[in-house]
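In the two assemblies presented below, chain A is common to both, partnered first by chain B and then by chain C.
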Partner chain A sequence: MRKLYNKILPYILLLPMMILMIALVYYPIAVTFSYSFKRMKLTRPDDIEFIGLKNYIDVLRSEDFLYSLQNTVFLLIVVVILTTVFGFAVALILNREHRLSGLFLAIAILPWAMPPIVNGIIWKFIFFPGYGFVNKLLIALGIAEKPIDWISDRFLLLTVVSIVTAWRSAPFCGIVCLAGLKTIPKELYEAAAIDGCGTLSSFRYITLPLSLPFIGIGMTSASVTAVNIFDEIVALAGFSDTGKNLLIQNYLTTFSFLDFGKGSALTYVIMLLTSAIGVFYLRSLNKEITY
Partner chain B sequence: MRAKEFEKRKNKGANALYIAACCLFLILTLGPFVWAFIVSVTPEYEMFTNTLKMLPGEMTWGNYVELLDMESRYSLRFTQGMLNSVKAVAITLIIGLPVAVLTAYALSAMKFKGRAFIKYGLLITMVIPVFATIIPLFRIYSTHRLLDKSFWLSLVYVSSFLPMNTWLMSNYFASIPRELYEAARVDGCGYMTCFFKVILPVSYPIIAASALIMFLSSWGQYQIPLILASSAATKPVSIVTSEFMTKDTIFYGVTAAGGLLAILPPALMALLFRKYLINGMMQGSVKG
Partner chain C sequence: MKKRSVITALFFAAAMSLAACGSNESAEETTAAAAETEAAAETGGADTEETEAEETEAAEAEGAADDLTGVELTMMVPDWGNPGEELLKRFEEETGCKVNVTEVSWDDIRDKVSIAAVGGQAAADVFEVDWSWVGEMNSAGWLEPIEMTAEDIADEPTIETFTIDGKILALPYANDYRIAYYNTEHFEEAGITEAPETWADVEAAMKAIKEAGICEYPFSMPMGAEEAGTTSLTWLAWAKGGVVFNDDGTLNKDSVLDALTFENKMVTDGYVDPAMRTATGMDCYNKICSGETSFMVGPTKFVNFISDPEKTAEDVLGKIEPILLPGTDGVSDRTMPLPEAYGVSAYSENKEAAITFVKWLNSAEIEKELYLANGSIPNRNSVIAEMIEDGTIKTPGAMLEQAELIKSPFPNGVPDFYAEMTNTIYNNVNSMVLGDQTPEEAFDAMDAKIKELLAQ
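Up next is the complex of A and B:
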């Protein structure tokens, strides 16, 4: 009796999770897949028909797809670079113990706690196209003559979005790197100092290589954040065409034009494109680190 | 003697560099909040004067009064949004935490058929984009009249936060010394007694961290409620604040004030319980 109980107990414990995940994740994913082969517009609810790969072909051929894919790739690259550099810098700052280090740590996690949409709103005041903070600063310093329009130029807007997103994602990267820095044995630095290593060379030969696995975790998590940027773009530029990435394009197709078939196909194309990052992400979660 | 002098000067240089880096860090991190605050206390008539002055000529608390004074047209929507956010967070935590704890315990402490399959099946959903599930969910919710209901919205939150939190917790459970489990088993405890008597009492840090992460992530949701809960009775404060900027004639002062008020709860929680949060995040990166 007891044995049987022990055998089925794990499944009983997992039951609530399974119900939730099947109903709200696995089943919908399968349904999305079936939608992607159908002509299915909510504006014409009676006209639903199986059309094979037509949605996929339409999506891949459309200019909007190429345009938003370029934007996504741009955001991915810039956000990952900015997040990693600033995250690691924050970790180095926090790694030194002094009277204020507790306070610094508290301040460092603030951006991470921000709702992404509010993050975008707050930064909109800084990169405001009229007399916002950055424009005031640039004009006062004599770098710009008149206010710069940050929102309507494609790559200017994407750069601003990258900065804003990196600002929010750098703290997590920083904390992860800090965890890495803290695991480096102090003896290594002492030994290096005895061998005549300076600050720079011990950074180059001890700190950097031993933090690499953690920087890797930070980078993968930053890339997941980067491909999923949505709120910041909406806050800074609305659903305009200039800054749209794949997710915005997907939102517009599905919920503005109510084309569920094409939207579902686009979703699967995005999933396929991002699955490489996903594999890296899962791997980084399971990594064992040895010295 | 010379070497010492050199060492001293080098340390001084490094210190100056460190202090400069700290200042830059403080300016870049706190600056946006400070600027949003300045905008929020700037009178509307001064907002668009083309001046290079950084600070407004006079300060006004009008925008905050507007949002919190129950009479005005903004405050009704704003306070309702705050309440909706609190409600969604509460339901998410009440359902999400127990489910995550049970799942993590089963996956980390028990051996059974299909364990690896279930574990990776759960983890993989962490990288699946929201749209993969939300398109059919929208349709299912609208045919069953589940749209604009806080409870059903929160269930979607739970399903998207479960993998991350389960993973954090099961790492923690796995790092609890096996002797503790075995001692309890020798004393004749079953899995469940062992769970309540041994595991739960030592796991409060990770449960607190997980609760905090769930709180912050549900408070910050925008995409999911935009699609599943966009009516006035259910939409969270994040959507309400963003609407001040897009839908209405634009009042920047009110938007800035609203944004700052909307981040007050998550910022306070993060600051108060930062010990658990940071330990939880570190736990996540240094596998236990």
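Up next is the complex of A and C:
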């Protein structure tokens, strides 16, 4: 009896969470999947019918999809690079022990704690096309004569969005990397120093390889953030075509144009694309570290 | 290992998609503030047929005579649509019906209403209905028709906007229509003593003001990739060419292309601040209050702003005058309405009570109270006239005269594909003013998309 109880107990304990997950996660995912095979525009309530893969074909063929995919890939690459470089740099700085370490750590975390929309609005004032902070600074320094319109050009806008997003996501990457740096045994550095290893060599052969799994976590997080950028783009450029990524295209299709069929198909296309990123990262994380 | 990676990756992807949903929710709130500016017009056929049996209902609404004791209503509106504690309490005292208001950001309301409707539920008994949503909400069957008297309909030209196929689908609470504003001091300094009556007058005035160095960017007009970009093109074509859409729903080429060409010329001639090409509508409108521009066509609420020392710069106070929209041969005989309304959910379990409440809010007496409570400009011309006369509305200029010229630019009502159409229009207008397209190219892109939507 006791044996049976012990066997069942874990499942009983898991049950409430399973019910919640099924009701709030798996059921909506399944329903969305079924919508993706239907012609389902809310303004045509009498015209809902099964149309097979047509929504997927329409989505993949549409220019809007390709355009927003390009923007998403650009954002993904730039945000991951900026987040990783700045995050790791912050970790290296914070890893140096001194009296103000705690204060610096708190300051470094602040942008991460900021809601994306607040982040977007703050940066909107900084990059305001008229006399925003950056334009005023550039004019005062004599670098620019007239205000620069930061958000009218596609790639300039995407670069600004990337900077704004990286500013928010770098602290988390930094904290994860800092945790990794703290786990590296000091003895390794001492042994390396005895062997005549300099600062750069220690970084190259000890710090960097041992930090890779943590950098990987930071990059994964940055990727999730980059694919999910929404608030920053909307705050900076609204729903303009110029800066729209897949998420904004999905929002417009589903909630603005009320096309739940195509919107659901697009959701699944995005899901498959992000799966590819997932596979890439998981493979990288599973690699054995040699040093 | 490989299998495990793929499975984990799928979960990773699912997590990303779910996170994306969360992101949407919060971001919708973002745009709400910016969206405050918008509201507009349309429909055809405010039929006078359904007049008879309605008188009883109107009488009920006036006095809110129904006994609705014990009924509780839910209301979902943006902050500026909240009638306020005092009015809600008064309605409860008169009818016994309690109304619980939830303030939700403007475009978040539309999402909540649509998501609830997919499940056959009412997001709220009474909710905000913007003029631009009425077409799709009608097609989707989310709104309960409301009956009004012919007298009410005649007094409230904006009701036409919410009327489709003779059915009134929502009752306006915030009247907004386009009216022109000009800085009398700038014009006088440039030697112009008369208010502009035609768009040619406006262009000549802009040239004179800029050349005299009085104002660097004398013309202000929303041109960004947002709703205000579409409404600006619409009112310009409406006032200038007298038509925007043909009877078959397609764009009228002569009128719209002429408006696009004018808009583009204002930019290329340097009369518009280049920053306004990517700024919000409100940023453009506020320039008249700060003295940074000399002429604009904007929302009715600026009639109040221009006499408010908190909204208008000290050296500009008293120098801005609201005037009739210019036209081609003289002042235009029309303007575009952009009202906001209260609608009753077709899924509501308290439809009768909700209709009584909405009609009560729409009554002449309460419209005036509503103006005092939250600044909503009344929809009834009789109330506007009364408030101008008793001094409640200061510096009205041509406000009442303009209100009498309200006409919808949509001959068949606001189309149910409006959201998709406006997205195409404002993106092409924006692309044109940024120099990426000519007016002809912008028109062709809009025209092709609208024809495609009509064909669907």
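One rule holds for everything that comes next: the second predicted complex is superposed on the first by the 274 of 291 C-alpha atoms of A that agree within 3 Å, B and C clash if a C-alpha of one lies under 4 Å from a C-alpha of the other, contacts with A are read in each partner's own complex, and residues count from 1 in each chain.
The criterion applied here is as follows: a contact is a pair of C-beta atoms (placed from the backbone, for glycine too) under 8 Å apart; a residue touches a chain by one contact, two chains touch by 3 or more.
Model, not experiment: these values are computed from the prediction.
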Check your understanding: Put the two structures on top of each other at chain A: do chain B and chain C fit, or clash?
Key -> clash
Review point. With the two structures laid over each other on chain A, which partner does A:F104 touch: chain B (first), chain C (second), both, or neither?
Key: first
Review point. So, does A:F230 touch the first partner chain B, the second partner chain C, both, or neither?
Key: both
Check your understanding: Just chain B (first), just chain C (second), both, or neither: which does A:F214 touch?
Key -> first
Point to revise | Which of chain B and chain C A:M114 touches, first, second, both or neither | key: first
Review point. Where does A:F260 make contact in the superposed view: on chain B (first), on chain C (second), on both, or on neither?
Key: both
Exercise for review: Considering only touches as defined above, state whether A:I206 meets chain B (first), chain C (second), both or neither.
Suggested key: neither
Exercise for review: Classify the contacts of A:T183 with the two partner chains as first (chain B alone), second (chain C alone), both, or neither.
Suggested key: first
Review point. Which holds for A:I151: it touches chain B only (first), chain C only (second), both, or neither?
Key: second
Check your understanding: Counting only touches as set out at the top, which of chain B and chain C does A:L138 meet: first, second, both, neither?
Key -> neither
Check your understanding: chain A residues in contact: does chain B have more, or chain C?
Key -> B
Exercise for review: Tell me which stretch of chain B runs into chain C once the two are superposed: 93-101, 165-173 or 237-245.
Suggested key: 237-245
**Study point:** chain B and chain C footprints on chain A, overlapping residues
**Key:** 25, 29, 115-117, 121, 130-131, 224, 227-228, 230-231, 234-235, 238, 247, 250-251, 255, 260, 267, 270-271, 274-275, 277-278, 281-282, 286
Point to revise | Sites on chain B touched by chain A in the complex | key: 10, 14, 18, 21-22, 25-26, 28-33, 35-36, 39, 48-52, 54, 98-100, 102-103, 105-107, 110, 112, 115, 118, 120-140, 155-156, 158-160, 162, 166-167, 190-192, 216, 219-223, 227, 238-239, 241-242, 245-246, 252, 255-256, 259-260, 262-263, 266-267, 269-271, 274, 277-278, 281-282, 284-287
Study note, to complete from the structure: Seen from chain C, its contact residues with chain A in the complex are 1, 5-6, 8-20, 23-24, 26-31, 34, 110-111, 114, 117-118, 136, 139-141, 224-226, 273-275, 277-280, 416-417, 419-420, 423, 426-427, 430-431, 434
Point to revise | Residues of chain A defined as touching chain B within the complex | key: 2, 5-7, 9-11, 13-14, 16-18, 20-21, 23-25, 27-29, 31-32, 35, 89-90, 92-93, 96, 100, 104-118, 121-126, 130-131, 133, 136, 139-140, 167, 172, 175-176, 178-180, 182-183, 198-199, 214, 217, 224, 227-228, 230-231, 234-235, 238, 247, 250-251, 254-255, 260, 263-264, 266-268, 270-271, 274-275, 277-278, 281-282, 285-289
Review point. Which positions of chain A touch chain C when the two form their complex?
Key: 25, 29, 42-45, 115-117, 120-121, 128-131, 147, 149, 151-152, 220, 224, 227-228, 230-231, 234-235, 237-242, 247, 250-252, 255-258, 260, 267, 270-279, 281-283, 286
